[in-house]
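You will see two complexes here that share subunit A, one where it goes with subunit B and one where it goes with subunit C.
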Partner chain A sequence: MFFPLLVLRNAFRHKLRTTLTIVGIVVAIAAFGMLRTIVDAWYAGANASSSARLVTRSSVSLVFALPLNYAQKIRQVDGVTGVGWANWFGGVYVNERNFFAQFAISESYLDLYPEFVLSDDQRRAFLADRVGAIAGRKLADKYGWKVGDQIPLRGTIYPGTWTFNLRGIYDGAEEGTDTSTFFFHFAYLNESIKKQYPGRGDQAGVFIESLGNADDAAAVSSAIDATFRNSLAETLTETEKAFQLGFVAMSEAILLAIQAVSYVVIVIIMAVMANTMAMTARERYGEYATFKALGFSNGFVGMLIFAESLGISLLGGLLGAAATFPLADVFASTVGSILAGFKVSRETVMLQLLAALVIGVVAAAIPAWRAARVRIVDGLRAIG
Partner chain B sequence: MAIPVNYIARNLVARRLTTALTAGGMALVVYVFATVLMLSAGLEQTLVATGQDDNVVVIRRGSQTEVQSGIARMQAAVVESLPEIALAADGRPLISKEPVVLINLPKRSSGKPANVVIRGVTQAGLALRPQVKLVEGRMFRPGTAEVIAGRSIADGFQGAGLGETLRFASRDWTIVGVFDAGHTAFDSEIWGDAEQMLQAFRRTGYSSLLFRLNDPAQFDAVKLFIESDPRLTLEAKREKRFYAEQSEALSKFISYLGTSISIIFSIGAVIGAAITMYASVASRTGEIGTLRALGFSRAAILVAFLGEALLLGLIGGIVGLAAASVMQALSISTTNFQTFAEIAFSFTLTPGIVIASLIFALAMGFVGGFLPAARAARMKIVDALRAA
Partner chain C sequence: MTAPEAIASRGRDNREPRFADAGAPAPLVSIRSVSKYYVRGDQVIPVLVGIDLDVNAGDYIALMGPSGSGKSTLLNLIAGIDKPSAGEIRVAGVDIAQLSDAELALWRASHVGFIFQFYNLMPVLTAFGNVELPLQLTSLSRSERRERVETALALVGLSDRATHRPNELSGGQQQRVAIARALIADPTLIVADEPTGDLDRTTAEEILGLLERLNDELGKTIIMVTHDPKAAEKAHRMVHLEKGLLVD
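Moving on, here comes the complex of A and B:
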């Protein structure tokens, strides 16, 4: 009982200093957690994607579309159970700041994505309306859309202003499902293009295939690509996950920088904490010498400092980890739909506590070593 | 009367470990702050430097980038006949009608694919961009499957180096030259013959037009003509403005994220400074009493301790900036999500960033030092002397 009480009394001898240190650690640990969560959110799209779906795109790059008749040929490939297609629309809603993904989709597309939950009524209403559209729950909430609203989008790839009737709002079947995408009919887009630009129609941006067995992914991908080899539009087929990770990889330099910076904050707070412990120990050399004079061992004196340092850093770490959750909620609601699946992962919390532990140990190392080695005579002579 | 600066500085030297730890924490914060600003400045400079003042870019109305744009040959011919376009030495108008597409290439470092801009250019296109200089190999010959690659692409992507071949649009293209575009966006592009590109990618129209004005002041008249002609669904922008707009989103993202990170981090550093200064005040209570008894005013004490904190901040700021300036040797390549294409840019230290970083460091010292300094100034002489 004596040891913990002593550590506790020691820790709060300088209330202001200890409080400031804890506040610093809370801020640092929370910031560390937030940065990691931001990086995680980047990968959320890839993590939520199914490995039983393939994406086929032009082998040159996504900018090039594929002929629509590829759908028939892809359907004949062994192992493919369903085919859908989609075009990136890239429209602007009111102004450029309101960015969200918009796809023109084939009717079969929704069958490939069972994780988009849409009531039967709304689904029927969407399919019946040529200029109908559906939006994810998160997106609809962000702009306050209700079923029946008219949504105008200014096309950047397809010129003109396009107005859609919102016929349904879908939810995600799982927690990680992204519900911030806007879908409308490919047929509507295709007919409008054919009217405006004869010759530009009947082109799909990507084909999506569902597989009977996810283990066939590699074989089916190469079979699809082989079908179109040496044609005018060669294809590249990969799993949806690899496709999504390809997007993440494009911003990799920035992600790496954020990750690096998240560790810098730990180093900064380590310096602050080490400073606190160094000052604390220096002021108490006299006391440590007294302990030793009374017969306590060097190890005991060292442990006193370690325990105090760890106590402060772990308390800060726990508070910081706890503060990350409300912070992440606030961040997610301000940034909105850009980052889907903004959730603090268990791994992040573990890393936060580990970081707090490391801060406590590193900060105490030198002061504890010095205090343990202090000679009784010098220590008693020392003035704080 | 003021307390000598010497006294202030010596106090920092007397507690070396504490000073080093506190200044080190601040240095790290300043380092992060400065590098982020350098990154965003580097990106802006790269794209702003890309444009020339008297050049005009024409793209389809509403399309924000060249890749999304499309211009029919008939429309291009209308623009080409504008009298305001400058003439080259051979008497032909200085206008380049260019197809611009993206292709997927794997990076040399990671093997991961990224989008690279392929631009079809003409003789006029080269004349319009005097900053582009061939540094290795030779120019592509018109009418052949030869291309030249920008410095960053040649270094960063597989198959894009001199003498290597790239396969796209069902053809093999040989890289016959490497060009340096003087740290502009063109460094991240591959150029070939415009007519060859149109055929290879089966395009019937161009993506963008670039021309030079006889007189930069005619821009408004040309813009009005192009945007009001019902045959043209196009818009005209000054080249400088056009490229500056393409850096806006990414550079804002970097600087917003960076500034908010720096501000959060600075809380930690400010707390470190406050702890140090409180301890500094506490251990010198007797000294403060003596100084007051000698006749130094409360204001002088306040100034002395604030000065100490500011000095601490300044040391941190200078160390942080020095570390950040080393970053200038590095360049970074990432996808600009506005154009969806790879762009390489380097960390650029501007005088503005130096001043901003030093002010930031001094502000951290000031905020951290103010309360401790105020406590020191408020002490009563008798109490302070008795405490010693």
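Moving on, here comes the complex of A and C:
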């Protein structure tokens, strides 16, 4: 008990200094965790994507829609077991701050996504109601929606106010499943478009295909694209993961910057901690010399500094990691559904603790080495 | 002749060995031709030159001399916290100049009790904890350590201050804690560097009285560096240094 007690008492000898250092580490570790979680959330969609699904879009740009009759031809490609389609709606709920993804989907769409868990009753009710819609649990919870509510969306791509009957709330089959999306019937959208803008009807933003065997993804993709080669609307087919990563790639520079900042934060606090430990060790050279004069080894003196530094940094690290969870909740509720998979992962917590460990070790390295090597007579001279 | 050899030979010419009497038992501390110098660039700065000195078990010696005479350096060499540039220092038969740093640390733990001018107590430990420090390096059980510490604190009259930290004690009390710490491991010799240098006269007298008791009643060998002639008078023997040489 002697050693840990001595370390503990030494660590809190200057309570204000130690407290401020711990607060600094808490802030740095929590910031590191938040930034890592933001990056993780960006990749969450891609990570939750199935490798047994393909997405077909216009080879020119996602902005251009594809003829709806492509569905029939895609269905005939070997290896394709199911086809669905979806259009991005881009409506506004109450005001622009309430952003969430909204898709007009074909009836077959939900069959392609077994991870969206919807009760049979709600599914039947949704399919039976032309203006019906379903929402993910997270989204419904956020806005307090209940089944039976009417949800008005102001169209930005498709003008007008669109009011939907909420017929179901789906849950995620897995932890990473996104439950912050709003779905309604493509048929309803298509019908309305055809009335208002006849030339824009019968077009789908993307087709989604399910595969019998995920290993056939490359071959099936090529076959689908070959089917529409030299047509007016050539296609680009890729796995759902690649499709999602394409969106992530658009923000890659930002993500790299966020990652860089997360590590810079750690380096900064490491420097602050190293300064604290250097000051601490310098003030105590006389004590270290006394320990050595009494017969304690150089290693003991070095370990005193290491243990103190590690104690402070790990305490800060634990508090910082713990603080990340409520901070993430606040952040997630503030940004809404923009970052759907905003969740502090186990890997992030492990990285936070590892960062705290590295801070403690690096900060103590030079002071411990110096203190262990200080000549007793020089150290004793420091007293008085 | 190298600079260190020149210094050593100069010392030998002037030396007046303080050997133990012929026929007496082997001295506890035997210093032979010990020199200490520092090299600053091209300059060689001698601190001690060809010192010969014997200290018998149970002696109480006062090392005196003006500032810079080398008395503290000599004390440091005897205590094994510094190494001589030349010569031999034997304590209880062990040539401590030949020990490695790690061996020397172990040797100090069991053979030397330190009393410093500024007490050098650990501020985060209580009087009890400070006195117990040297015993942390032994295999004694907790209860054995407790028993010894209580005895040592009683000896210096501080049983009622065991739970007090250094900043809650007066200078004299702190020095008594330091004396208890120096005693606790039953060392071969006690070295004291200006033990009364930071104390008023009355308190200094108390501390000197305590050192006398350690010597008289417990038979402890004490080597004390002091500027203070009144403190030195308490010792059995006074040894004077000047400019790194023993002068009488």
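By definition in this document, the second predicted complex is superposed on the first by the 380 of 384 C-alpha atoms of A that agree within 3 Å, B and C clash if a C-alpha of one lies under 4 Å from a C-alpha of the other, contacts with A are read in each partner's own complex, and residues count from 1 in each chain.
We adopt the following convention: contacts are C-beta pairs under 8 Å (C-beta built on N, C-alpha and C of every residue); 3 or more make two chains touch, one makes a residue touch a chain.
Values in this document were obtained by computation on a predicted structure and should not be read as measured data.
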- Message: Looking at A:377 after the superposition, I want to know if it touches subunit B, subunit C, both of them or none. Which is it: first, second, both, neither?
- Response: second
Considering only the touch criterion stated at the top, classify A:295 as touching first (subunit B), second (subunit C), both, or neither.
-> second
Request  = Tell me which partner A:226 touches in the superposition: subunit B (first), subunit C (second), both or neither.
outcome  = neither
Note to self: By the touch definition at the top of the document, which applies to A:6: first (subunit B), second (subunit C), both, or neither?
What the structure shows: second
One more residue to check, A:218. First (subunit B), second (subunit C), both or neither? neither
On the A-aligned overlay, A:94 touches which partner chain: subunit B = first, subunit C = second, or both, or neither?
neither
According to the stated criteria, A:354 is in contact with first (subunit B), second (subunit C), both, or neither; which is it?
neither
Comparing subunit B and subunit C in the superposed model, the one touching more of subunit A is B
Subunit A contact set shared between subunit B and subunit C covers 384
Residue positions on subunit A within touch of subunit C in the complex are 2, 6, 9-10, 13, 286-287, 290-298, 375-377, 380, 383-384
Touching subunit A in the complex, subunit B uses residues 17-18, 21-22, 24-25, 28-29, 31-32, 39, 60-64, 67-68, 101-104, 110, 112-115, 168-170, 201-202, 204, 233, 254, 257, 261, 264-265, 267-269, 271-272, 274-276, 278-279, 283, 332-335, 337, 340, 342
Counting only contacts in the complex, subunit A reaches subunit B at residues 16-17, 20-21, 23-24, 27-28, 31, 35, 59-64, 90, 96, 154-157, 159-160, 199, 230, 232, 234, 236, 246, 249-254, 257-258, 261, 264-265, 267-269, 271-272, 274-276, 278-279, 384
Per the touch rule above, subunit C residues touching subunit A in the complex are 76, 79, 81-82, 101-102, 105-110, 114, 116-118, 120, 122-125, 133-134, 136-137, 181
